[in-house]
Every structure is written in structure tokens, then in C-alpha cells.
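You will see two complexes here that share subunit A, one where it goes with subunit B and one where it goes with subunit C.
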Partner chain A sequence: MGSRASTLLREEEIEEIKKETGFSHSQITRLYSRFTSLDKGENGTLSREDFQRIPELAINPLGDRIINAFFPEGEDQVNFRGFMRTLAHFRPIEDNEKNKNPTASEPLNSRSNKLLFAFRLYDLDRDDKISRDELLQVLRMMVGVNISDEQLGSIADRTIQEADTNGDSCISFQEFIKASLVEANINNTSFNHLTKKIKILMGAFFINATEANLLNKLA
Partner chain B sequence: MMAKMRFVRRVSSLPEFGLLLLVIFVLLEGSLLPLGAASSTSKSCEEAKQGHTEVHNFTKKAFPVLGVDYGHIKNPFEISLWVLLACLMKLGFHLIPRLSSIVPESCLLIVVGLLVGGLIKLAREEVPPVLDSKFFFLYLLPPIILDAGYFLPIRPFMENLGTILMFAVIGTLWNAFFIGGLLYGICQISNSDLTAIGILPCLLFGSIISAVDPVAVLAVFEEIHINELLHILVFGESLLNDAVTVVLYHLFEEFSVDGSVTVLDGILGVISFLVVALGGVLFGAMYGFLAALTSRFTSHTRVIEPLFAFLYSYMAYLSAEVFHLSGIMALIACGAVMRPYIEANISHKSHTTIKYFLKMLSSVSETLIFIFLGVATVDGRHSWNWIFVTMSVVLCLVARVIGVVGLTFIINKFRIVKLTTKDQFIIAYGGLRGAIAFSLGFLLKEDHFHMRDMFLTAIITVIFFTVFVQGMTIKPLVELLAVKKKQEAKRSINEEIHTQFLDHLLTGIEDICGHYGHHHWKDKLNRFNKKYVKKFLIVSERSKEPQLIAFYHKMEMKQAIQLVESGGGSKLPSAVPSTVSMQNIQPKNPPATTKPAERVLPQLSKGREEEIRKILRSNLQRTRQRLHSYNRHTLVADPYEDGFSDLILKKQRMMAIDKKVHNPR
Partner chain C sequence: LLDLDTQALSLHTTWNSFLLSLTDWATLRIERGVNKDLDSASEFEMSDIFYFARRGVESIMDDEVTKRFSAEELESWNLLTRSNNNFTYISLRLTVLWGLGLLIRYGFLLPLRVTLAFTGVGLLVFLTSVIGLLPNGRMKNFLSEKVHLMCYRICVRALTAIITYHDSENKPKNGGICVANHTSPIDVIILASDGCYAMVGQIHGGLMGVIQRSMVKACPHVWFERSEVKDRHLVAKRLSDHVQDKSKLPILIFPEGTCINNTSVMMFKKGSFEIGATVYPVAIKYDPRFGDAFWNSSKFGMVSYLLRMMSSWAIVCSVWYLPPMSREEGEDAVQFANRVKAAIARQGGLVDLLWDGGLKREKVKDTFKEEQQKLYSKMLVGTQEDRSRS
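And now, the complex of A and B:
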């Protein structure tokens, strides 16, 4: 599949993707070969079934939600551009990007966009708030079936009460950032762990203390 | 008015004065009693001889109402006296407020040791060989290492394992060869009797002095509250370099006797290192599993549960030492492996017992080690050689700095969160040497190494330098450089959910990309653990509890404990039935500012509540450990972390219940 993959992807496309997402040339080609290996129908797009065929994803509690995140609103197929756009959120922030032109639009893997991505995984109805029910759904997925609804409910209540600052018993994006940023500042190592050792492509939610300015803008 | 104040001050210092008197009394007793012992034993010896020869002349003596027989209890008495002295010293230091913030405890303890050694010498008594290597390695060191291993924060440790291993293995090797090689060169250049020292003894010295010491690092770093990353890097390095030290030491000791080294020996050395390190870890893991398995069946004999934890760990250490494997790594592996399973199986009280006992033992051990270091300094036969000693100190520092800088340069290519210059400085500066180096030097045989005394002197000088100079100045330096400190964070359920969420998310993305990275393998290990290992090692009903639930229950329990200890739990509205969860109990002093919560909280049925309480009492598997249990002095770090905002939460809930009660739907 290797040689076929590289001929199908034209240089101009690679350049465009590079500009849009910030991945390097080798990263893009590698991901393209992965894309084509997943694409059993060989029509240049991936459907939900293609994703579900990945065995580990099937047992991942958040599997369905992650798959949904790849597909734009209402569509059932995702092409390579869309695939890369979603993955771009997970690229680690390089040092040389920090000095870029501040008026340019925010890169896909900026801290706020990463958190927005995570936030959207909770917030299915896209009302920019995580309600108690949405939280319960996620908790239920992560915890399994053996725990009673009441227990889960009390956990959800406590979570919301800890994060909720304006008393609307929902978690807004700002509150979400605050609750997750607390962890980031304290445990940079947990984010190191999330980003370490992935030599080729996988960064993740890399939150650097020097981006505290960004926090002030958002908070 | 002034006179009254002065009087009050004198009176308030009376208890401290009394303590001081007590300490002096203990010291005198310790040094003078052996004198009395010497005379009384000789007397009883004579009497025995007389009795023997005069067996026929049986003279009837008056029945002794009171007699003195010190020799009978000599050893336990002296040991107890030393331990008592150590504990009193600890007490004393913390009573003097300003002293403990300027001078780290380790320095003070060494000074006390010097004083005591001096006192004993003044009394012209023979100073007991307290820092006997066997005693040190078999009894004093294991508690400290077990404590470190049991409470090791696994997640940061594993995240930075690559970096830690680089520093531990390559850094120590670099140190050993650099110091040993350059010292040899200097010895050759200097026109004195130093030229007689061969390259191998020099390398041996280098390997002894090169290892960062966990005891010293623990003692100093504990007081400076540095951020988690640096703490785990330096501390992890000090633990893992034991394997390197063991191999190098044995290697050079063997070859110093033989006199030469071949390439084959070098290769064997490398293989030996792998065997020592991995073998130690294997032994530890084995014993850890045994301990976990045993704890599964202890539900009827709760009282001896803690003992299993200690015994298995100690056996792991001893077994590893039998085969000359790394005992320290065995202990760490045993503690880290058995912890999650043991905590799920044993009762809450046993868990507390283990925690307190470990902290107590390691605390006393550490204190004793430093005191004995002081005593041994006074006692030792010293052979001071300006060139050798000063050059070893200088070379130690230089080697450490070059090593850290060089390694960081390489490591940063692979790390995402790079180590800054400040971090490098702290890592280099935190490379303290301690009692392990001294004990290893002490083990050298006199007949093989005629320069043993000089080595010991040099080792002690390096130890003193690092502990005193570096130990004392690291705290102001940390302040000066504004190094990030450890954040006292409340462990919130948000954090826990978020962490797990991100783990799942990143594992999923990795799977989509087909990249089998860090998360993938961690996930696989977790699944294996959940499916097979837990079922085998944990009492059946607790093995299925998801981590999130366990964490939540632990939080609730802490809140409950805090509530009870603060004397709250009163003022429950009478109309509300007693089957409410922890959330609805009002604390004693609710703060003034509150916000009414509009939601209605779910009521728990009585059965459910009992179930939760039962789960609350057990201790939980795999809750991720942040560094809360590191502090040697306060053990109650956990329950008292929740503070103000928890009270607000409770008040909110109280208001909700109130509203519900007064406006029934």
C-alpha cells in the first residue's frame, strides 16, 4: 500500500494540509497510509464502520464519541482533510510557534482549541454547557454498568458543584477550563505523560505554564 | 508590666529547659554507664572464678536484696538509648522555631552525632562501632527505602522513567569514571605517596562516591517542597542508581585484588548490571505478589495484617542481597507492586497502621543514620591528605554538573516538557552523598586497601560538604531562583474524571492512528490487571470496583473524617429523614457567604447508604498517588486538605435541604 499511497496524495495537497494543520511532511504521509489502510471501501473517505473496525476502539469507553468527533455535523463520511483536521488538535505545541503573528487565526492545536475539543466530547447538544445529564452519560460510559444510578448521580452532583462558579448547575466552557487548568498547573507531569515518547506524531493536551497568558485571556 | 512579661517568658521556656536537661541526662547516662558496666562485669567474672575453685568451700552469703547487673542487658539498653536520643533530638529541633527553617535536620543530627562522639571519647570510653556496615545495610537502610517505595507516586515516576534511568545509570557511570580517572591522574602527577595508588582503587573510590544517596536527598528535599517533577527526578535517580553502584563496587573490588581488567570482564560487568537490576525488581515483584495474595485471606485476623506487608518486603530485600542483587530495587518493586492490592484488601485500621509504622521506622532510621555518621566521624582513624580530599570534593561537583548538563542536552531531545536551566541546576545541586557511600567505604578490607583510611576521610568530607553546604543553601537558592514549588492542591473529583477522560481519549486517538505508544500499552496493562490480576489478588467483592467510584468514596470518607474530627455533624434538620448522604450534613461553623443551590439532591435509601459506608471503610485500589504522603512530619496531610470550599459546598447543600423541607413539593 505504501507506494500507492504516496502517489495518490499530491504534493499540493500535502502543502495545504501542512499549512492548515502544521504537521510535517513525513507525518502527513504516514497518516495518509494509515488512512488508506482503514479505508476498506477504497473510496477515499472513511465511514463510521471503518472506525469501528479498529478493535481497541471498540472496547474504549469513549470510542463512539471519539469517532463522532471526526465527522462534521450531519455527515457520514470523512475525507483525508477532515481526518487530518481533527488529528491536528493533538499535535504538541512547538516552541517556534509561540512567536508567530498574534493577529493570525489561532492554530488548531492551541490550548483553547484542545480544551474545546475535549469539551465538545462531553457536550453533545452543542449548547456550550455540560449539563448534569451529559455528565452522567460520560460517567456511565467510563464506569460501566455495575454502579447504581444514585451513586453515579451523587458523583455527578459533586463534580458540578466543584466546578460550577456561577451557580447554574451546568459546567460552561470557562468553568471547564478552570477545572482542567488547575490540574495542568499542578501536574505538568501528567500532561508530560500524555505527550511523551510519541516520536512521530502524537502530541496531546500539552499545556505549558508559559501559556498562562492565554489563560488570562480566556478566564 | 515589663517585669511581668519577662517572668512569663521565663516560665514558658521552662518546659524546653526541662527537655534540654533530659537530653543532657540521657547523653551522660549513655556515656557513663558503660564505665560502670566495665567494672561490674569484671567483678562478676572474678566471683564466678572464685565460686568455681571454691566449690567445696560453700560459704553462705546473705541473700542480695539489690544488685547491679548491667552486662545482662547491655546491648538492648544501649540500642534503646541511642533510639531515645535520636527521638529526643527530633523533638528538640522542632521546638526551636527558627533553627529548623534555616538548617536542615540532617545537618543538626550530624552535629549532634559529633557531640555525642566527642563526649564518649572524652569519657575515654571506646566509641561503639555504631555505623557498622552490616548494621547499616541490614537494619537502618531497609525501613527508609521501604517507606519510599511504598509511597512512591507511580504515575510521575513512570512518566519520567526514561529520564530517571538516564540519570541513574549513565550519570552514575559517568561520575564514577570521571572522578576515578581524574583522581588517578592527579595522584600520579603529585609527587607524594599518592602515586602508589593504582587505577583500580581509584575507580573503586569513584564508584563509591558517585552515587546520589536516597537518604540524604529525602532528608533535604522534603523540607524544600520543590515541584513534583524535580523531586521525582532526583529522588528516582537516587533509588535506581543502587544497581549501578552495586555492580561497580563489586567489579572494582574484585579486580583491585586481582590487579587487572580485561574486555571480557567489562562485558560481564554489563551483563551483571542487567542481572542485578532486573533480578532485584523481579524478586521484589514476586514478594509483592505473595504479600498481595496473603492479604486476600486476612479478613479474620486483621491484627497481623500490617506485619505481612513488612515481613514480605524485608524478605524481598534479604533474598535479593543473598544473590548480590540490588536490594533497594527489590524493596521498591515490592512496595510499589503490593500497595494497590493490599490497600484493597486490608482494613482501614491496618492501612493506617502500615502508614504510621513505616513513617515512624523510616524517620527514626534516618535520624539514627545521621547521628551515627557524626559519631563515626569522631571515632574513625583519619588520614588527611590535602590533595586527595580536596580534589575529590571538587571533582564530585564538577562531574555532577557536567553529567547533568550533558545528559539533559540529550534527554531534552526526547522530552516534550524540556528541562530548563533552572531545573538542571537544582538536579545537579541536589546530588547529595550520604551514609551509603560511607558504609561502602567502611566495608573495604584493610589488607587489600592500605589507603582505606584516606578513602574514608575523603568520603566523609564529601558527605559533610554536600549535606552541610549544599543542604543548607539549597533552600535559599530555590527561593532565589524562584523554582516552581509543589502546589498544595486539593484532589478534586474533577481532576480525577478529567484525567481518566483524557487517558481514554488519547488511547483512542492512538488506536486510530495505529500508533502503539505510551497510552496503548498502559491501557493494555490496565485491562490485563483488571481482568486477571485483580480477581486473583483481591477479595472478591472489592475487585470489581471501578477506579472512579473508589476515588469518590475515598473523598467522601475523608470528608466524613474531617467532619467528625471538627466536631460537626450537628444541626441536622429534624424533618429530613436520617437516610441522607454525607453531602447534606452541616459543619459546625458555616461561612457567612453562601449561595443557595436550587437543585434537589437525590436521597439514598438506607440499604444503599450502608453499602456506600461499607465501601467507604475499605481501602481502595489504584487511586493515583500524588505526593501527599511524602512528608515525614505530618501524616494527616490528606483529610485536612479540603477546606473552605468544601464548607461552602456543604452549606449550599444544607440550604437546598432546607428549601426542600420548607417547601414540600
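And now, the complex of A and C:
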């Protein structure tokens, strides 16, 4: 009984996390029990192996990159605060938040922070640019062995060509934002069709039916 | 475009929902490309990673598999400490109730049950050995049946298991195979107290081994040596030999291969469905409010598990005997297994999962990731082929 009490979440911590991430009280306790069930070593932190144990994540082509996003530079363990901070990026933007204090620091789930999360999935060395190599790496992860090097190279070249506006053969964060938002404005009819399934404004980042169910479960 | 859909559906059938959502998304992407009036309909877009990122984080928040290997979470507390993960002091009255419950369970129920358990097991070993001395014949079978039933019923009382049997007209008959979902070793006692079965399993040492060896004296069970278990042909041969002998009892098998927490049914191993005998599916559903029957073998050994069982309030469960099924024309063993699994899941109100229960201990195979990659590549490359054609 004693050891269990020490791993329980204290009220002050819940309040801090709430302020930092915007999750509700019940969502935080729910995610905390999820965190502890993943934490097989019972030491209050998760390692990469703990994430790999989730089968649906292990078979995701970008699984390793996503797991990486949870761990700060050079560290191998993530605690609950770090876990929540990363998950906070995926919280949907609620309308009432837009009217909040405009001088407060940007919330973790703001549009640009979501895009930054996606940008960092590409930009492994954190130099704020997606180089051709980095793009190729992610492409290779997504297609496996099914596309040849030359074809993949030409896809990468074309992508950089379309997105690169300042001619440095790399994609900066601003260019990335523009490239992701472009398709949203192309054709209104297909746009409406798509919003039923995947709310496009930032690709598939916003909430869809599955996410809605998930966050309802958390509530 | 349509080819992409049908191809995806005929791939590995276990990946239906996952691949379906991927193809939905892929189709929409392609449609979006087609609707664009641009010359170069871009196949790959940087935002494609959003889909995979979202799926990944969704599975981190909650996934269908890992939660099946630990006890089900209850909505309200049933006064057992073990069921409440956030056990803290709430009120005096609740603590007093809990203390009273503790007293009753450990002071009164537990000793009573342990005595019964020892009696039941002891009688089983002794009486089956005695019967084993008799010559084979109707008398032996009759006595063996009576003895087995009696001892199992004593064990049922030892656990205070309150069992409701439904549809007993479908009870398994000789020459058939009984398959059921697996939650704990108690499943065996529950089923065997209502009918006689031939057990299948590996020979253990210790007390288990003693019980197994004496049981087989009274009537034929199928016990394997550890070395024989790996040899699939040998296993299949022995099972089919047993099944073909109509005088022998129906075989009891748990095709999941491991204990699952009774909220879902996981992949059935196809071995028992290849033999060609009639399959009698049985669904077992425990009521978690009285005691959690799931055996989390990585957390508890057998003895501590049994002690926990005997100090719960009761084991309440329902058993449904489903109508017999046989393999149909043109159906292979895997499809047959999935059909039986779906029937059991439907009856027991369990989630029908295609994941392998072996994921409890092992890593998932890379082939599943490779299939997703293949599908995504088709989407990229496929549109290029369309364009070169037009």
C-alpha cells in the first residue's frame, strides 16, 4: 500500500499539468493510469522499449520517429510531465480558447506548435531545415522496400522544388507551413468531402471521428 | 483507384480495419489529386506523415492489445483492494466496510475453501488411481465419469463458483473438439464439472504432474511431453487419433494459447481446426464484480493466483454452449477458426480481436509494418502509372 501511494499523482501536479497542457482533470488521471500501465519497470519513467511494446505503434512505419518525439535531446527516459507535454500537441483546438488572454504564451496545441511537431518528425538534427537526406529518410520509412532509390529520389526532388521558395534546396519551417496548407485551398468541393473524414487545415492533424471517440473516452 | 481498394481487402485478412482506414485515406488523397486542375498532381505530400503520426499517437493513448493482458478496470469498487488502483482513504464508513469484508473473506471463506480444495484434489487423485486398477470396460467409464464430476464439483464449491450454463443441449459429444476462450486455469474446472472431457496439455512436474498422471489412469487424456509440444505433426496426429475413436471423450482445447483478461477474444491458433472434427464452441464470461478471474501469469504465480481466487467474494460466470460447427467447403483452417471465434465473441459479449495473444510476451511481426508500407507505396506509384497511361 505504501509504495502505491508514492506513485499516485498529487493534486498540485495535476493542476500544474492542467495549466501547462490544457487537458482536463479526468483526462489527466486517465492518461496517468495509461502511463503506469505502459511503465513495466515501475520506476515512474518510460523507455523506448515500453513504447515499442504497443503492437499498433510497432507496426507504424513512422513508429520510431514518433517515439523519438517524446524523448528530449539525448535522453532515454521520459517522465509523466514530458509524456503529457508531447501528447498535448494533439489536443484539439477548442473555440473558446481563441478568446483567451492574447498575451499569454502560446498553448502547446496551437496550430503552429502542431506543425512544429510534424516538422520535427522530418528534421532529425534539429537544424530547423529539412534537407534532401532527411526527406529521403522519412520517405524510405514510409514506403519500405517497394520503391527504388531513383524513384524515391525524384519524388524527394520534386517535393523540395515545389516547396522551396528561397532556393537553398532545403525546406524551412515557414516553407513547410505553406506547403502543408496549400492543398486545403485548392478545390472547395473536394475540400468539403474531405472534411467529413479528415479535417484538413493541417493535413490529418485535427480531430477526426476516431480521435473524437478517443478523447471522449478520456473525458 | 478501385483496384487499390479490392487489392487491399484481399491482403492479409487480419488487417481489415487497419488497412481499410489507410485505403480510405489513400483514396481520398488520390481523389483530391484527381480533382485538382494542376498539371502535376502531387502524389507525395509532406503532410502525408500527419496520418501516420496521428495513428501512432492514438495508439499511445489507448490501444486494443496491451490492455487485454492486465485485469479489467471496474467502474465501481467491489471492496477488494486488488481491484482498486487508486486506493486511498476516502471515508471511515467505507474503510469499516472494507475491513469487515477482509475479515469475512480471509477469516471465514478462505479456510473453508482451502479445505474443500484439498479434499477435492485429494479425492480426485486417490479415486482415479483406484479406478485405474479396474479393467477397461463400461464399468470403468461409468465410475470414471462419476468420480471426475464429483471431484470437479467439490473444486467448484472450493472456489464458490456460481455458474450458469446455457443451452446445454449443445454440449460436446464424443469425437468432437470443444473450444473455449481462455481466461484462467479455472476455466477447466468450470467446464469439467458439467461434462466429461479429455484434457490436452503439457505434462508438468510437481503437484500438477501427479494429478495429470492419475487422471489418465481412469480415462484417456492427451498429455504431451515438453519435447513433443514443438512437433506440430505429432500433436495433430495424436489429436486426430483421439477424435476418431468414438468411445473417447471430446477434447477440450483453448486455441488462444494464453490467458486473456475476459474482455476480448484473441486470435485462435489454427492447429485444432485443421483436424476435421466437429467443433463445439463454448463461451465463458466472468462477472468481474465479484472477483477478477483473469490469471496474469507475468504478475502472479499459480499458488498466489489460487489464493486470490479463494479470497474473493465469489466467481460468478456464465457458460454458453454454442451449436456445433464444421469446416465448410472452400474454407481454410484460419477462416474456420475466425468464424468460430466470432461466434464465441458475439455470444459472450467480448471484443473480437485479430491480434495474437502471443503478443503478451513476444514482439509483433515485421510483416504487418511491411504491408502498410506496400500499400502506401502503391498509392504513390499507382498514380504515376495512371498518369503515364493517359
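Criterion: the second predicted complex is superposed on the first by the 177 of 219 C-alpha atoms of A that agree within 3 Å, B and C clash if a C-alpha of one lies under 4 Å from a C-alpha of the other, contacts with A are read in each partner's own complex, and residues count from 1 in each chain.
Just so we're on the same page, a contact is a pair of C-beta atoms (placed from the backbone, for glycine too) under 8 Å apart; a residue touches a chain by one contact, two chains touch by 3 or more.
None of the values given here were measured: they were computed from a predicted structure.
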Looking at A:124 after the superposition, I want to know if it touches subunit B, subunit C, both of them or none. Which is it: first, second, both, neither? neither
Return first, second, both or neither, reflecting whether A:153 touches subunit B, subunit C, both chains, or no partner chain. first
Who does A:116 touch here: subunit B (first), subunit C (second), both, or neither? neither
Touching A:167 in the superposition: subunit B (first), subunit C (second), both, neither? first
Have a look at where A:53 lands relative to subunit B and subunit C in the superposition and call it first, second, both or neither. second
Kindly classify A:66 by the partners it touches after superposition: subunit B alone (first), subunit C alone (second), both, or neither? both
Contacts of A:90 with subunit B and subunit C, given as first, second, both or neither: both
Once the complexes are superposed, what residues of subunit A are shared between the subunit B interface and the subunit C interface? 31, 34, 37-38, 51, 54, 56-57, 59-63, 66, 87, 90, 118, 121, 138-139, 142-144, 146-147, 151, 155, 158-159, 162-163, 179-180, 183, 186-187, 189-190, 193-194, 197-198, 202-205, 208
Applying the document's contact rule, which stretches of subunit A touch subunit C when the two form their complex? 1, 4-5, 8, 29, 31, 33-34, 36-38, 51-63, 66, 87, 90, 117-118, 121-122, 138-139, 142-147, 151, 155, 158-159, 162-163, 171, 176, 179-180, 183, 186-187, 189-190, 193-194, 197-198, 202-205, 208, 210-211, 214, 217-218
In the complex, subunit C touches subunit A at residues 18, 21, 24-25, 28, 31-32, 35-38, 40, 42-67, 70, 73, 81, 85-88, 355, 359, 363-364, 366, 368-370, 372-374, 376-378, 380-381
Note: in the complex, subunit B contacts subunit A through residues 155-156, 158-160, 162, 228-229, 232, 414-417, 484, 487, 489, 492-495, 497-515, 517-520, 523, 527, 544, 546, 548-549, 552, 555, 581, 583, 595, 597-599, 601-602, 604, 608, 612, 626, 645, 649, 652
Per the contact definition, I'd like the list of subunit A residues that touch subunit B in the complex. 31, 34, 37-38, 51, 54, 56-57, 59-63, 66, 87, 90, 92, 118, 121, 138-139, 142-144, 146-148, 150-151, 153-155, 157-159, 161-163, 167, 169, 179-180, 182-183, 185-206, 208-209
